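Two complexes, one shared chain (chain A), two partners (chain B, chain C).
And now, the complex of A and B:
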């Protein structure tokens, strides 16, 4: 009797589970719970500390290579790291090899520089989208202006105050690649290792475990993984954003999955041994 | 951007999101509209990207400035298109030859150095510094080295997997399973993050300034499903009776 009742559990309409998941993820957006995000991953802290130790005026190149499909995870990472760079008075350069990211970059630089009184051309520069990343990365090793002679607005890149003293990777203190593609691998292989430039990254949670070997060998100075990583970085710079607010939903979603897995396994065991 | 366009954008974004999610309930014409729009818009988007970000600045403008050198890569690129014409498809080999040579020349040395030699060094180096390491660091180094050896044994097929070799390769399976488990856990987190992102946008578009786009669209979808279910109920009963 009990066995038959329990077996019904496995015939639940999966749309019920979708609905419960939707409620669990949506509810904290309407009414934030403020669940704490106490653990900071070692790799996120390493990325933060590396940038934090750079002297003011150092040039940091951001390669923002993500499109709207990975925006919830990567956009908060990019915002947090750019905020940190501006807070430390670092010079910021932005490149992209994903056409879909140009709008998202525009969105960031419409608001973030204003918070720190940073001016386009003097404190930061945005370069236009370029196809064929490996060719561009290789060319930038000898002369950045051979590829990027103009910034996004068509201004002569060489004469911009933010670019003074910057010709190639030797003049850069850090490269940060935030991507949902293999672009970070390219930066490590074709630039970081080849020209001994420090590289740090921000990636989606899916690809995060794959970068463990690069972290162990020091080929990557630090890594932010997924929305959790974004929340951690926001905690470190003390500027809560979309990463932090998403943690409530993620926590509840994970609890739901754990409960479903546990319940299903317990029921299976009961059915098997009763 | 004017307010009207902002509202129109919000309705479009919220509408397409809800239409696509509606497939989780069941297939419907709204899902099909969103799906086809996505494909069409995607193609259109890529066409303009190639036209304005690659063809215009990299080919057209240099040609207008009498820079004829761009013709060489352009012709090599165009040669790839001849693949679609069987009679002259051999011309495409020139383009592919260039791509293969260029790609292999760049990728092989970098791959060997970054993913092979440096990784072997990364596995061995901590072992050589064990005298000055802490006990947890020593354990970690040994575990990594042991894991690498076990997994390599699992993928080594020139020796029959029996006896000690089988035990070691079985250990390799456990290491791989731990990696897959971690990767799957992260995948679940990533998917939830993406879902959260869409929900966050839907919540934003539910505000009065967007004329309650989310609420209206969701209610509209519910009415559609209710009406559709009601109108097709009779048909289904008739079919069942047959």
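And now, the complex of A and C:
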């Protein structure tokens, strides 16, 4: 009798689970829990410290390669790192190899530079979308103007004040790739290793474990993983944003998954030994 | 015919394959110039590939509509979606904002593409949670190890999990972040490194097979 009752739990309508998850994700957005983020991951701290130690005026190249599907995790990372770069008075260059990313880049640069009185062309430059990442990365090693002769607005890139003294990777202090694709692997393999340029990254939580080998060997100077990584970086630069506010939903979502797996397996055990 | 269809393409692959491989390791001006030229050619070819893909997509959906194949109505949305993004992009020269505020391209990006793309991906979360409940069964020792690792990683990835860990297992003196660092730094890296080395060796062997004409499937059946 009890066995039959318990078996019914496995046949529960999946829409009920969908509803519970929707409530669990939505409720903290409406009423934040405000749980403290007690730890900062070592790799996030390393990325922060590497950028923090760069002298003012250094050129940092951002490769922002994500589209709206991974926006909740990666957009806050990009915003936090760009804020940090502006705060440290670093020069910022932006490239992308994902067409869907162009609109998101534009959204970032509509608001963030204004917070630090940064001017397009003088303090930062946005290059247009390019389709063939490996070819572009290789070309930029000798002369980046061979590919990016103009910026996104059609201005001559070479004459922009922000590009003074920048010709190739030798003139860059750091490359940061924030991506939901394998683009960070390309930056490490085709640029970081070959031209000895420091590379750091930001990736989705699901792909974070795959970058362990690069972190151990120092091929990656630091790595931000998922929304938690974004929240950690935001707390390091003391500028809470979407990463911090989204962490509550993530909290409850993760705990729900664990509870469901545990419940299902406890029921299974009871059925087996009943 | 064999000369045009087989021998000349194979010779091109051999010559350019060897040259590109050698150029990667030779830091000479000639090799740098060669790589630059190849990069420009590659970009031009990629642009044509885009165009080819677009034409092919349009034709395949056109025939689907013409034949009234199953789900042909959805094919109409390929054209609707394409026009909804491309026409504003042409009008505003790819700009999402102007002096007047958000352009129609900006609007289409933010409220059509952004919303649809994010929704598609977000739906995955619901299926993953439902599948985790229905399918994650600890029926073997391997499944148990996988469960323990997943449990610790999921728990440690959020502040609430860290609070739970500290209150239940705080007496062990090990923080969840330290345990996660060990899992990520030792077993996960060992597995990942093995996979990466395997993929790299496979890619090198396949590349050599293509360059030296042993692997010819990319040339088609003719």
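Just so it is clear, the second predicted complex is superposed on the first by the 274 of 274 C-alpha atoms of A that agree within 3 Å, B and C clash if a C-alpha of one lies under 4 Å from a C-alpha of the other, contacts with A are read in each partner's own complex, and residues count from 1 in each chain.
Definition applied: contacts are C-beta pairs under 8 Å (C-beta built on N, C-alpha and C of every residue); 3 or more make two chains touch, one makes a residue touch a chain.
Computed from a prediction, not measured in an experiment: that's the story for all the values here.
K.L.:
Who contacts more of chain A, chain B or chain C?
P.N.:
Between chain B and chain C, the winner on chain A residue contacts is C.
K.L.:
After the superposition on A, what does A:254 contact: first (chain B), second (chain C), both or neither?
P.N.:
In the superposition, A:254 touches chain B and chain C alike.
K.L.:
First (chain B), second (chain C), both or neither: which does A:240 touch?
P.N.:
Neither chain B nor chain C is touched by A:240.
K.L.:
Which partner does A:17 contact after superposing on A: first (chain B), second (chain C), both, neither?
P.N.:
second
K.L.:
Tell me which partner A:30 touches in the superposition: chain B (first), chain C (second), both or neither.
P.N.:
A:30: touches chain B, not chain C.
K.L.:
Contact-wise, after the overlay, does A:136 reach chain B, chain C, both or neither (first, second, both, neither)?
P.N.:
It touches chain C, and chain B stays clear.
K.L.:
Touching A:121 in the superposition: chain B (first), chain C (second), both, neither?
P.N.:
Neither chain B nor chain C is touched by A:121.
K.L.:
Classify the contacts of A:209 with the two partner chains as first (chain B alone), second (chain C alone), both, or neither.
P.N.:
Both partners, chain B and chain C.
K.L.:
On chain A, which stretch or stretches are contacted by chain B in one complex as well as by chain C in the other?
P.N.:
Common to the two interfaces on chain A: residues 18, 21-22, 25, 69-72, 100, 130-131, 138, 205, 209-210, 213, 216, 226, 228, 250, 253-254, 257.
K.L.:
Mind listing the chain C positions that touch chain A in their complex?
P.N.:
Listed in rising order, the residues are 32, 35-36, 38-40, 42-43, 46-47, 50, 94, 96-97, 106, 109-110, 113-115, 117-118, 120-121, 125-126, 128-130, 132-134, 136-138, 147, 151, 154-155, 157-164, 175, 177, 181, 184-185, 188-189, 192-193, 196.
K.L.:
How about chain B: which of its residues touch chain A in the complex?
P.N.:
Spelled out, the residues of chain B in touch with chain A are 24-25, 45-46, 49, 53-54, 106, 110-111, 113-115, 118-119, 121-122, 144, 179, 182-183, 186-190, 192-200, 203.
K.L.:
Please output the residues of chain A touching chain B within their complex, sorted ascending.
P.N.:
15, 18, 21-22, 25-26, 29-30, 69-73, 99-100, 128-131, 134, 138, 188-190, 193-194, 204-206, 208-210, 213, 216-217, 219, 225-228, 242, 245-246, 249-250, 253-254, 257
K.L.:
If we count contacts the way the header does, which residues on chain A are in touch with chain C in the complex?
P.N.:
On the chain A side, the touching residues are 10, 14, 17-18, 21-22, 25, 33, 35-39, 41-42, 67-72, 100, 102-103, 106-107, 110, 130-132, 135-136, 138-139, 142-143, 146-147, 205, 209-210, 212-213, 216, 226, 228, 247, 250-258, 260-261, 263-265, 268.
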